[in-house]
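Note sheet for the following structure.
Chain nomenclature is as follows: A, B, C and D, assigned in order of appearance, with residue numbering initiated at 1 for each chain independently.
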Amino acid sequence: MAYHALAAVLLPLFAFVVNCFIKGKATGWVSTIAILLSAIVSIIVFNHTFNGGTIHLNRVWFTIGDTQLYAGLLLNNLSTLMLLLVNLIALPVHIFSMAYMGHDKRYGRYFTCLSLFCFSMLALVVVDNMVLFYAFWEMVGFSSYLLIGFWYKKEVAIQANKKAFIMNRIGDVGLLISILVIYAQYHTFDLIKLFGINGLISQSYIKDGLWIAPASSIPAAWQYIACGGIFLAVCAKSAQFPLHTWLPDAMEGPTSVSALIHAATMVAAGIFLLGRVYPMFNTAELDALAIIGCFTAFMAATIALTQNDLKRILAFSTISQLGFMVMAMGINAYASSLFHLVTHAFFKCLLFLVAGVVIHEMQHVKDENQLDIDPQNILYMGGLRKRMPLTFIAALIGGAALVGLPLTSGYLSKDGILIQAFEWSDTKSIGYKIVPIMMLITSWLTAFYVARLIFKVFFGKLRVLDVKPVVICHISDGGWQYRLPLILLSICCLFPVFSLNPLLYEQSWLFKAFTTADHLERMNIYHTIIPAGLNILSIVVIYFAYAVYVQERKMLPFAQNNWAFDFSYNQWYFNKAYNNIFVKPVLALGSGLFWFDRKVIDGFIQLLQNILLWLSKVADVLDRYVIDGFLHLLTAIVQYIGNFVRSFQTGRVQYYLLSMLAVIVAWFIFKTLI
Amino acid sequence: MNAANILFYIMSFIVLASALYVAASKHLVRSVFMFFVTLFALAGLYVLSLADFVAVTQIVVYVGGILVLILFAFMLSGRETLDVLQTENRSIWKINNLPAMLIVGLFFIILINVILQTNADHLGWITDSIKLKNNITNSGEMTANIGVNLMTRYLLPFEIVSILLMMALVGAAHLSRKEQQA
Amino acid sequence: MISLTNYLVVSGILFCIGLYVVLVKRNAIQILIGIEMMLNAAILNLVAFGKYDKVNNGGQMFALFAIILAAATTAVALAIILNVYRRYKTIDPDKVDQLKD
Amino acid sequence: MNLLTLLIFIPLLFGLLIVVLPSSLRNSYKYITLLAALVQLGISLLLYFQFKTGASYAGIDHESQFQFIQKLPWINLNLGGMGKMQIDYFVGVDGVSITLLVMSALVMVVAAIASWEINKNLKGFFVLFLILDMAVFGVFCSLDFFLFYIFYELMLLPLYFLIGMWGGARREYAAIKFFLYTLFGSVFMLLVMVGLYLSVKDPATGSHTFNMIQMMNPANYDAHSIFSTINHQTIFGFPARTVGFIVLFVAFAIKVPVVPFHTWLPDAHVEAPTPVSIILAGVLLKIGGYGIIRICVGIFPDVAVSGSFVLGLLGVISILYGALNALAQRDLKRMIAYSSVSHMGFVLLGIASLTTEGISGAVMQMVSHGFLSSMLFFLVGVIYTRVHDRDIYNFRGLGTLMPQFTVFVMIGFFASLGLPGFSAFIAEAFTLAGAFKSGSTNGLVPHWMAACGALGILLSACYFLWTLQRMFFGTERLKGGETWKHALKDINWREKSALIPLALMALLLGIMPSLVFGKINDSVIALVEFTKQYIR
């Protein structure tokens, strides 16, 4: 099976290499066929491996000192699931892209990068050691960089990809540091040896301020630093506070890319990392994780309320949902977190593809009528329900899943998280209650902004007409390349795929695969009250949104000129703050150091040089005037005496007399003194 | 302090003052005439040191001879010389004179130094001559004594001087004659 | 009695003045005057010391010879000055610094 | 004929050929030079493949374990009462030098290709180039300190002239600065060398020797000599061995260059013509690192152990300082020069850790940086020869004008900033791994230094990406307008032929690091073992 998995990973790489050398439409087919094959292989792998124990295959990569580094595959439930998931998301996106990017001049380049991403992502989920994990972790970031900046002439796009890469780099450095700390502590990079059952991590403990491992011990601070590094990596990749700001900007890339990378797969890699290294964390660190996730989820949801850019709303909702997953990890709801990861991947990808179709059609409208509008702005949309029914239905399904309405996959995973959050808070002090409560509020906020999005886009009337009364518009669902992915993904958003019981998340096969304890025994009040309360209130909120946006009733809290709106609309001013707090000081530090380098260090060298020059001049003077000068002096004395004597021979009588007298006087003085 | 002393001081003051005037004067004719005064006063000093014959000779030869000769000389040399010389505008304090003054000053200090060190009044031979009554007093017939000495003791120098004098006169006459087409 | 030292001091001053005149003046005749002054200073010394030689009268004798020789030199010098003047149209000794013409 | 000797003196032969060729054939000089470099590359590859690995071929402090040895008596003077003077022509390689040899040979080929742009005084240029070439290989191969020193000094002179005569506007300033700096280092090195000579006795002959390998054995030191390992002599009140180490270290630190001895580097790089920049960055800097490993650590392991904190600190400072300075640059070449400072800081950090990972990583970083910095300087040269401008702000959207060039730039930049898959990633990761491990095992370099070093990776991303975004992306906007637009043609076959091998090597080493690690591993283990006895 391991070789199957290897094939699944290498197929996109093969497509990438082939695409490097060919051009034109063929590239799309190469990539799509590769991902199709890969998906088929991964289904086989999944069937064989899921719940079938761990498969580990490795070969020596290289030897350094007496440490041998292996390159290998590690297939367990988590990686097999991710392998399948990535392929299942990537396949529709590839199909979608063939149409979506069909008219782009750099079509070939797009699929080349897409294949590179798929390879990196697939490799990331199956590798068995931390070095390779880091390598593909960063490769994923790199391919995302390439794809965000795909339209490299667009200034915002290249700003965004730079920002994305650098922010991810912060996380990468964190990850690198924690990998290296772990290596220093355990002398191995192997994931199984480290995090497996009875692995090295589970054998180590913190005692008396020391982090004691079987091999060595270092101060406990380094355990926190290692975990902090992983947090940082998770925050960067999964766009959690405080490193979340790159994700909304990353929406400058093609929408299909956003669907694949920035909604479903790459951003989930952070959660996947948490899943991989889960045994490392102690309670305090998990609490921190829960708080980060909770805060991010809430913050992103509030921001999503006011955004007008279709993709940006979805981006913030992604951040929010990722916050849910991170929090779930933090509250020990490991299985729910991964469950939500999977369901979220499907419905968010679906929503992005819907957005892609809408944007594509709006772009057509814009091009055909030469309008000066932003095709992504939901304020210009509306009433698309009738023109693109399939898309509308897909959006409804996706939206319902995102809100967590019953009968969708989102209901299963999200409610599971909420229920466990309440259960978790019961075991903690009262202050921790705020976490589940905020999550609850976030859920309602989610319901509101999803409703706002759908109502604005699909209901009412086409607001482009406000800009220009008569427009040619051929808005439709598009060809099969659009329809097929939407249908596929919509199906995946419904409950039967995950659980036969639409109301009990515990019965999902996916959930069961990751839990050891049987949660059915712990049926308590939360299990009924939360889903019910949540959904009822969600429906209320949706109706409220309907009232505001479709029936256009004026409601007081929706004035757009208060500080709360500004705060939300400007994304809590994070960009500005980061620019002022980090970017500018670092640049200033760079300039300052350059000044220092020029003036102080180089100045010091210049000083030395000048001293040297001065010394050499002194030596020169010595040479010229003292040593040479001595000879010159001799000649000069002779000459001077000659001249001196000659000067008496002026022929002037009085002068002679004067000289004589002077000599006499001198003689007398001489005589007197001696 | 007797009359001789007072006279001596007066005379020497005149000598020095007139000599200084000569040195300082820019006017040639004036300085020449001032030189007369110097010479006269000197003659007075001779008299004070009891050398009346020398004093007379001084007046005769210098005042009567040399100065007249000088006056003649530049009267002969023509008017324009005088003009040039007289308009010469030079101050004694000029910087050019500074070395000369310095040297002369130093020389003077040396001279004074030597004079004071010599303590001339107590030189051996002078005290001897006072003891032996060999010094001239204002009682004696000194002019006769000079005459005798000239003809006896200093006869040879006297003759040589007269020959020299004659040669000088002849030479001077020869030099100052108008040159013909030679 | 007038002290010999007084005579010597006066003659020293006179000598120096004469010397100064000789050194400084730019006129041959004035230089001649300076020379005469120096000579007179010397003669003054001779005369002053001659006071203590009653028998031989050495001091006064030499003073006489000196006076006469001074007269002779003056005559010759004046003759020379006249000749120089005729040739160079100047009697500034500084400007007469060529041995040949 | 010994292969190493052949390798060292091949350039000299070709150089002589150029000297005797008349100027009318001046167009052939570059081909001759390229041929020399290719022959050298061939020989070095032959050496590489013949190089035997295994614990019995580790080298370091065992003379018999070196390979391709040639040892000829060179200057043997009987000084009577003073003993015998023994200077050998002694060359040989072990794991540390073999990879650097191959790397240098390849960089030399690239530099020879880059020399196409030289158009004045060709004979002088290529003869100096080949002399430099010879000296570089001599330095890497010589095992006799005297021979080492001669080659070391011999490098200086051609470089001085190459920068001073074929350089940019301020070439004389840069050349003098470079010359003074390096001369400053090497003059004091001479003193230490003589001191070592007087301290060490060859046990076989009983005479003083310059043999570096004999210098590594503490038993060979005279008990009363200045660098005696038993009696701790002092110089000006400082322990003599410490002083010796510091002097040698400063000499090599100037080459590396380590902050604060680095300021010659930006100037020299900026003013040097492209091929010389390539050699400077690709090869010369490595001589510093090589010298620190072979000589500073090899001969003074006791001091290296006790001073490793300072070494590591300097390394970290170099990493961060160089990176921050690079961030402030407008001149592309200067930016890359500062990035070299930053990247070479990893070498020092790795060496300071004295762990197998750290030293292997350091050697890997040297090899990797050899390829990558050559590539980057070559890329700068491409732009500079076209429009004679290097200011980052004067270019915009080069990606549209020169797509292939941009691809190479991206490869170069991303490889340099440590993208996995390229050699720099492996090198930097393992340097840092070694540094971290050192804190846990031998305690030489504290953990926080390694953590700070990791920040350098972040900063390198900042300045490379900024440059990339500023110069290559966006809509095209050039300072020179249409003239530049015409001048900025995409790269030609010659340039590609230089860039492709470098990019491929960087990629290959990133995917198969065993190409380097396999050869150096035994030597590195031996070196670590060798130093271990001094760690308390």
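As a working rule, a residue touches a chain if its C-beta (ideal position, glycine included) is under 8 Å from a C-beta of that chain, and two chains touch if they have at least 3 such contacts.
Fair warning: this is a prediction, and the values are worked out from it, not measured in the lab.
S.K.: Starting at chain A, figure out the least number of steps needed to reach chain B through touching chains.
M.R.: Minimal hop count between chain A and chain B: 1.
S.K.: Between chain C and chain D, what distance separates the C-alpha centroids? Give it in angstrom.
M.R.: Measuring from centre to centre gives 96 Å for this pair.
S.K.: Indicate the whole-number Å distance between the mean C-alpha point of chain A and the mean C-alpha point of chain D.
M.R.: Between these chains, centre-to-centre, one finds 35 Å.
S.K.: With chain centres taken as the means of their Cα atoms, state the distance from chain B to chain C in Å.
M.R.: Centre-to-centre distance between chain B and chain C: 6 Å.
S.K.: Taking the mean of the C-alpha atoms as each chain's centre, how many Å separate chain A from chain C?
M.R.: 118
S.K.: Which positions in chain A are in touch with at least two other chains?
M.R.: In chain A, the residues touching two or more other chains are 658, 661.
S.K.: Name the residues of chain B that each touch 2 or more other chains.
M.R.: 100, 103-104, 107
S.K.: Can you name every chain pair that touches?
M.R.: Final set of chain pairs in contact is A-B, A-C, A-D, B-C.
S.K.: Which residues of chain C touch chain B in their complex?
M.R.: Result: residues 1-10, 12-21, 23-24, 26-27, 29-30, 32-34, 36-37, 40, 43-44, 47-57, 59-61, 63-65, 67-76, 78-83, 85-86, 90-91 of chain C touch chain B.
S.K.: Which stretch or stretches of chain A touch chain B in the complex?
M.R.: Touch list, chain A to chain B: 658, 661-662, 664-665, 668-669, 672.
S.K.: Could you pull out which chain B residues touch chain A in their complex?
M.R.: 99-100, 103-104, 106-107, 110, 113
S.K.: Quick one: which bits of chain B touch chain C in the complex? Just the residue numbers, please.
M.R.: Residue positions touching the partner: 4-5, 8, 12, 15-16, 19-20, 22-23, 28, 31-32, 35, 38-39, 42, 45-46, 48-51, 53-54, 57-58, 61-62, 65-66, 69-70, 72-74, 76-78, 81, 84-85, 88, 90, 92, 97, 100-101, 103-105, 107-108, 111-112, 115-116, 118-121, 125-126, 129-130, 133-136, 140, 142, 145-146, 149-150, 153-154, 157, 161, 164-165, 168-169, 171-176, 179.
S.K.: Where on chain A does chain D make contact in their complex?
M.R.: Touching chain D: residues 61-67, 131, 134-136, 138-139, 142, 149, 152-153, 155, 158-159, 161-162, 165-166, 169-170, 172-173, 176-177, 180-181, 183-185, 187, 216, 218, 222, 225, 586-587, 589-591, 593-594, 597, 601-602, 604-605, 609, 612 of chain A.
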